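Common to both upcoming complexes is chain A, partnered first by chain B, then by chain C.
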Partner chain A sequence: MSYIFFIIFSLIAIVSAIRVVCTKQLVHAILWLVVTFLSTACLFVMLHAEFLAAVQVLVYTGAIIILYVFAIMLTTPKEAKTIPQFYVRKIMPIVLGVLFFFQLAVMVLTRFDFIGKKGDLVAMMSKWGGNAEVLGKFLYTDYILPFELVSIILLVAIIGAVVLAIRRSS
Partner chain B sequence: MVSITWYLVVSALLFTIGLIGVLVKRNIIMVFLCLELMLNAANLNMVAFSHYSSNIEGQIFTIFSITVAAAEAVVGLAIVISLFRNGGNINIDEFNILKW
Partner chain C sequence: MIPVLIAIFKVIVVFSVLIGVAAVITYMERKVLGRMQVRHGHMRVGWHGILQPIADAIKLMGKEIIVPEKADRKLFLLAPVITMICAAIPFAAIPWGAEQIYRIIDINIGLIYILAASSLGVFGVVIAGWASNSKYPLMGALRGVSQTISYELPLVLSLVGPLMLAGSLNMWKMVNSQQTGGTWFVFLQPIAFICFLLAGTAETQRLPFDMLEDEGSLVTGFYTEYSGMAFSIFALAEYINIILIGVVAAIAFMGGWLRPFPSVAFLSFLDVVPPFIWLLSKSLLFAFFVIWLRGTLPRVRYDQLMYFGWKVLLPLTLLNILLTGFYKMFHLSGGMLLVYYAATLITTVICLAFCTKRFYKFQQA
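On to the complex of A and B.
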């Protein structure tokens, strides 16, 4: 049963990712990216990471995608003046990407088959009350310093975005 | 029970598609979209390792990764809008203003 759902969600993710790369329209690419993120959230649920699935839906498909839509609304692309060579721009990246995928696949298929044992993560999560509780317990005790540093990163991102995108009256 | 290998293969496929998109695309917003795809594949990888090695820290690191991805998208799109306002195009082949 979990095989069927895994195959369905991963096929949806991969096909819509290919559509993101292949389509010419920016807004269509963004909507296909939403489909990829949602099916990845379903894969997160299958991996017992329910809180991360909710964060994925809220942050990625809620906030970041809206940000991209606003960026597209504010910028209208012109026609390119220089047309680069076809094989340099299209063929070489695809060949390099396929080679990279085969390298990753060989590494994945030969190195990581020993982790296949089922752990007690689900038991630990049910003992603490759920996935979000376990994440909160670790996030506010062991990882309190990275948590605060991430808040500084967010502050810097907000200030940087305002400074970069403000319209100077000159 | 799906083995971890299949999650890693799916993640590698998503990462490769995003990588090809980053290399092929010329509109900078498309490049950012494919970058988000690559980050998403890395997150899937970390969550899969977290589940199969029964360790919650992969999920915590994924939260940090999502936060940094959001910050990166915000600053990157601010740079795109600033570039568009100064130069008028968002084609990455024609960004040579640092040559001045």
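On to the complex of A and C.
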């Protein structure tokens, strides 16, 4: 049963991801991107990562995509709203994309042992009482250094954005 | 198979009740607004105009849905559907009572799920505004987008306070800890409660924050081009959103389905009222608050809206998280608890006074 759902959601994710790059209308492309993110969130739910799924929807779909929409609606002139369907002549992005995909696939297949991890996660969730709790425990104990580093990077990004905005307005 | 059928049955019941309550709120809005403006409101259809929502529904169903010629037809018709779905799905995680029978599904991260699901509602606005291919709806949609992003932060952050007190994202556990604690969280979290009410009003796009349907400058904003049932679905979704914010406010701050004063024993005769009635009536209190605001305050200007969201509500909610951290860390009780109450109240008053002063200065400038 869950296998069928897995196939359905991954198919939706892949098809909508292809639609993102093949659609002429920029706004349509963004809406397909929303579908991609939502089906990815469904896949997260199926991996018992409910918190991650909800945050994916809340942050990526609810905020970041909306910012994309905002930027496109505000900045793009009418003629530039449609984009050519395929950059066939630009072969480099395709090569890079394929290379990146293989790199990712090799990484995932060699470095992670999914079958063992999933059982661990379920056991930990029953021990600490939930997905968010497990995530919080790990973020604030084992992975505190990466977590803080990421926070600093985000802070730098925010300050940078503010500085840029101030410089432009004055 | 049977659990699935039961769940589907519950979904149908909850959804029909929602539509019914939304109709009640439309009636309430007209009557309350009428009273606030010293007039009667609807009096013709039925006793004191009580059948007016039904008459409106019949009228709107009979109207034609006109799709503008230059509009993006598919997205134009998809937008109300998306809005309605996003308004309705958060209710899956709402517990309407302590027993299993009152819950559709028990999600451990209920609160985040509700916020995530309701945050998708802005796509309906965006798509409606864009697909209409017309100036006013597009401007309304843009305003809606920026407003929703700005007010989602204080909305989420103001819920962090009660979440820390309850120690769980589970809606059921949240109410449960208010029962064992013997007090509603609103008394421990006054700042968060006020911020939540205001951010919630802005999230549901109601006056004085309804920049995206500003009929003075944008006709009716993002749904200018809609008519008939498509239009009424937007209106219905707005009322369902009000119920949602009210229900979340009730669960996080006002004890959910518990009766008032859950720890006072001699009030236990109030328990004869079923729990979902308590929850719904608390939600209707929020609806009344929203209507009250609409009847009282003029619409804010757009820059004031942004100012209020980012420079007033956001710092207040962050301050509240800090205060709640102190409360949690030192396990306040007795005299210290009173000090905490006093400190919270004084900070709230000072902050609000300071903010309103700045706000009105800003308004004059």
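By our rule, the second predicted complex is superposed on the first by the 122 of 170 C-alpha atoms of A that agree within 3 Å, B and C clash if a C-alpha of one lies under 4 Å from a C-alpha of the other, contacts with A are read in each partner's own complex, and residues count from 1 in each chain.
The rule we apply is simple: a contact is a pair of C-beta atoms (placed from the backbone, for glycine too) under 8 Å apart; a residue touches a chain by one contact, two chains touch by 3 or more.
None of these values were measured; they are calculated from a predicted model.
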Have a look at where A:Ile18 lands relative to chain B and chain C in the superposition and call it first, second, both or neither. first
If you stack the two complexes on chain A, which partner ends up touching A:Val27: first (chain B), second (chain C), both, or neither? second
Which of the two partners, first being chain B and second being chain C, lies in contact with A:Val55: first, second, both, or neither? both
Let me test your reading of the model: by the given contact rule, A:Cys42 touches which partner, first (chain B), second (chain C), both or neither? neither
On the A-aligned overlay, A:Ala132 touches which partner chain: chain B = first, chain C = second, or both, or neither? second
Would you check which partner chain A:Gly97 touches, where first means chain B only, second means chain C only, and both and neither mean what they say? first
Give one of first, second, both or neither to describe whether A:Val69 is in contact with chain B, with chain C, with both, or with none. second
For chain A, which residues belong to both interfaces, chain B and chain C? 51, 55, 63, 67, 70, 74, 131
Quick one: in the complex, what on chain A touches chain B? 2-3, 6, 10, 13-14, 17-18, 20-21, 26, 29-30, 33, 36-37, 40, 43-44, 46-49, 51-52, 55-56, 59-60, 63-64, 67-68, 70-72, 74-75, 77-78, 80-82, 84, 89-90, 92-94, 96-98, 100-101, 104-105, 108-109, 112-113, 115-121, 124-125, 131, 134-135, 138-139, 143, 146, 150, 153-154, 156-158, 160-162, 164-165, 167
Given the complex with chain C, which residues does chain A contribute to the contact? 27-28, 31, 34, 50-51, 54-55, 57-58, 61-63, 66-67, 69-70, 73-74, 129-132
Interface with chain A, chain C side, in the complex: residues 75, 107-109, 112-113, 115-117, 119-120, 122-123, 126-127, 130, 138, 141-142, 145-146, 148-149, 152, 156, 168-170
Chain A partner, complex, touching residues on chain B are 1-10, 12-21, 23-27, 29-30, 32-34, 36-37, 40, 43-44, 47-57, 59-60, 62-64, 66-75, 77-82, 84-85, 88-91, 93-94
